[in-house]
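Take a look at these structures.
One chain, chain A, appears in both complexes that follow, with chain B as partner in the first and chain C in the second.
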Partner chain A sequence: MSNSATQVLFDAPGPKGRRRILLLSILSVLAIAGLLAAGLWQFHANGQLDPNKWVVYLRADYLAFLGQGLWGTLKVTAAAAVVAFPFGLLLALARLSRSSLLRAIAITWIEFFRGIPMLLVVYAFLLALPAFGVTFPRFWMLVIPMILVSSAATAEVFRAGIKAVDRGQHEAAAAIGLSRRDAMASVVLPQAVRLVLPSLILALVTLLKDSTLGYVVSYNELQFQGKTLVSITRYLVQTYLVVSVIYIVINLLLTRIALALDARMKARAVAS
Partner chain B sequence: MIGFENVRKEYPGGTVAVEDFSLEIASHESVVLVGSSGSGKTTLMRMINRMVEPTSGRIHIDGDDIAELNPVQLRRSIGYVMQASGLLPHRTVLDNITTVPVLRGTGRREARTRAQELMETVGLDPALAARYPSQLSGGQQQRVGVARGLAADPNILLMDEPFGAVDPIVRSELQRELQRLQHELRKTIVFVTHDIDEAFLLGDRVVILKPGGIIAQVGTPQEILADPADDFVASFVGADRGARTLHVERVDGRDVVVDADGRAAGVLAADGPAQERPS
Partner chain C sequence: METLHGIIQYLQESIALLGDNLPLLLQGIGYTVALTLLGYGFALILGTVLAVCRVSPIPPLRWASAVYVEIFRNIPLLSLLILIAFGLPDVGLLLPYFWCGVLGLTLSSGAFVCENVRSGINTVPVGHAEAARSIGLGFFGTLRFVVLPQAFRAMVQPLVNVFIGTVIGSALCSAIAVSEITWVTQTLNIQSGRAVVMFLVAGAVYLGMSLGGAALGGVIERAVAPGGTGRCAPAPRST
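Right, the complex of A and B next:
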């Protein structure tokens, strides 16, 4: 797919172009390798590559400690997604509804939470609301801001999906006698959700990364556990590298699942 | 019976799609609205199931003013076959055909049995029932579209250039199938096309439209060919170019009919065609 996109956008390079591309590729690979080597040399010079500082991450208690954080991260992300995604869909429908009141509410909500950094929302739950006597458990102090911000973002994803369904499908549904509601529920939404599935997984990845704000409210998610580990062991570089790898692996897995799902649904039904 | 009474359609911005249109369409009759783009033919047809609301004038079906009927109920009682089939891509062929009957409250099992019968009626292999529309050829998709239009057993069938997007061979096959179907089912059909040959083939009566929904001529294909009302009609049906003129040439003792270019069109028979036409 990216291959054909490249072919559409650019001419195939000629012999001169191909030589230049090869030369530049070799130079960049060398430059990157050089930078990595310099970094590793620095680590070595400062004793960071000392095997004793790494093997601890094979110890059961270290792994259990980080595993606890991973479990917290997954719980927070799942809880936020399960509420935020359906809620985002409702917001999208409200924004597209014929009632101007519903539209106004949805637009205000979406624009407000899309424009505000999530850290501020977390602070509101951590600092501002308790001043008025409203307090939440740590879990919800993290999850509610995630829901508020993510619902606004996914509402726009769903709206784009609904808009992207071919006009002819609305027409066809109306012509054979589906009411507006029937047409939305059984014709437009199933196709829209399929269209936006990759973007939804992307929203899930964003949610997972937003959960790192758990350190602000001291919720035991992966990043916070890592921070605690650092303060005990002083192995800063090692800990954060391990934590980063875990995040990257999970997000890669999510992306793979999204691609597999997308391929399966495409094989079943393609919009004619 | 469908009646148009002084129907006018004007869009906001002042474009007049239909100026003043009146026509009676008898039950069991197949009427083809034919004209070039901008003639208002599709607009007129879409008024029958209230996909388009007239600015003024009345449309009635069997005596009921359709403006007083619920549009959704009305549409469920009228079959609609559209260009490029308009099938729902995420549903199987069978589910597409049963959509309207199920909405009207027919049991799922009964609707499925009926859909299987309909697939045979329109010449589709029942083995295709579980396929998705994208897995069918254009001609097969169009047959599914016709089956869906007939699924709720409506009295009226609206067909919006249904064969416009398929290749000529499949088109003539589908046209013959429709003739056969109409012979069996005797629906009231309103058919829209820009192809005058298709109109003459499928219409008991043909309505030739000028821009603005003005009727240039209404009549059977024979009447229109025999006596074009004006130069516009003559030019539209090709009579002015001699394209419709056939000559008889005697070859080996038989009368061979040739067209304007001298190509053989057929053999002249002693009596007229045995085909009966619904009146």
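Right, the complex of A and C next:
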């Protein structure tokens, strides 16, 4: 990190500069505190800071209800990831294959599902297919669109990973007599998968975010559970804040893991 | 012959349906375009301001910007839109649903713009910033005349991706009752039962906007590429 441009945008400040930075720091702290205070005041003025409206989220049954939703979210995300990631890898291999037919299919699939909103795919399963007599359980109405959209995104992740493996590895594999297929399977892919691990965790974050569309298909995941809770308690802003904070915390943890993994790999690459 | 006849009849009815609902469809497309352009435009401004805060010498601004990015990068867009549209009225902030959508898209895309601007700044060779510093440019001078113009080149492609994210995200505004194209086509779909044609219309709008954005990004990238304008020598390729 020592040689990035952000480090040298300003000099180490002298006494005058330090005073100015201190002054500006105090001013910006005041401004930020003012913003937060205005927000809290807005809550207070509308009676939303009433403790009774918040402590319900510490009651066991409410927590259990939200926990049920969280369990649904995790289930849906895991199910989608387990199918979408290997499928994405296959799509990436198809896109890099020598058969132009396979390539065309993969490119069409990837560009299509990267270019349209997942909500539209969800509606296809929720509204369109039932009209033709094809219905799925709600779980799959959410998971299948997640798989379709995520497979396209992860295909690009895997493709970048495969391309990032050093050219010499292909050549070395060819030199010891491995076929193209064997070289890919036992030399290139193991390295590529390791390279893309951080990006795959970020793809998991995207899947987790997409699982909120359970709100639309009425599957019991966290966002929909929040909606149900609202219809019982009528505490709109509190419920949706609590739900949002849960999502942020989980995603923050996953992002942190991805960044740590990435840093470790870079450190290792430098060391070797 | 039977099926061919059926297909032709379906097509005729579909076209009639589209013709009947043309004003509604155009309004939906208009809302989608407006949501995307407003959300993305504001996000560019917000994201750049946040990125400048993030690299500034003032610690509280750096922290505030970092916290902002972590929150809005990790909140699902749908949760954010629902919170804004259905939560904020509880605290006395009543916005029309359309502007709730614009606000949600701006807040969310702004975090991604900030991240991309920041990593774009990091692609500028450190010597350039040092050179700018040594000829006496200050923090803003270095950013404005030396770092950002170069960083912009590296940022075009990531910013196109943020644009496509905004296009796709605008569909979620239909969940908060903004009558954009997803909402319009699905409402007509329920009324008429003609799913295929409705999905084709909606899909065409989104693919058109995503691909259009990507194509425009390519044009901009070539225009700002070193040597592209003929005013400066091409930079040596780094390996």
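Keep in mind that, in the parts below, the second predicted complex is superposed on the first by the 226 of 272 C-alpha atoms of A that agree within 3 Å, B and C clash if a C-alpha of one lies under 4 Å from a C-alpha of the other, contacts with A are read in each partner's own complex, and residues count from 1 in each chain.
FYI, a residue touches a chain if its C-beta (ideal position, glycine included) is under 8 Å from a C-beta of that chain, and two chains touch if they have at least 3 such contacts.
These numbers come from a predicted model, not from an experiment.
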Which of chain B and chain C A:175 touches, first, second, both or neither: first
Partner, of chain C and chain B, that touches more residues belonging to chain A: C
Contacts of A:244 with chain B and chain C, given as first, second, both or neither: second
Which superposed partner A:112 touches (first chain B, second chain C, both, neither): second
Chain B partner contacts - residues on chain A that touch it in the complex: 168-169, 171-179, 182, 187, 190-191, 194, 268-272
Partner chain C, residues of chain A touching it in the complex: 3-11, 13, 21, 24-25, 28-29, 32, 42-43, 45-46, 48, 112, 114-120, 123-124, 127-128, 131, 205, 208-213, 215-216, 223, 230, 236-237, 240-241, 243-244, 247-248, 251-252, 255
Touching residues on chain B, where the partner in the complex is chain A: 49, 51, 72-78, 80, 82, 84-91, 99-100, 103, 132-134, 141, 148
Residue ranges of chain C touching chain A (in the complex, touch as defined): 55, 57-61, 64, 70-71, 73-80, 82-83, 86-93, 118, 121-126, 128-130, 133, 138-139, 142-143, 147, 151, 164, 167-172, 174-175, 182, 186, 189-190, 193, 195-196, 199, 202-203, 206-207, 210-211
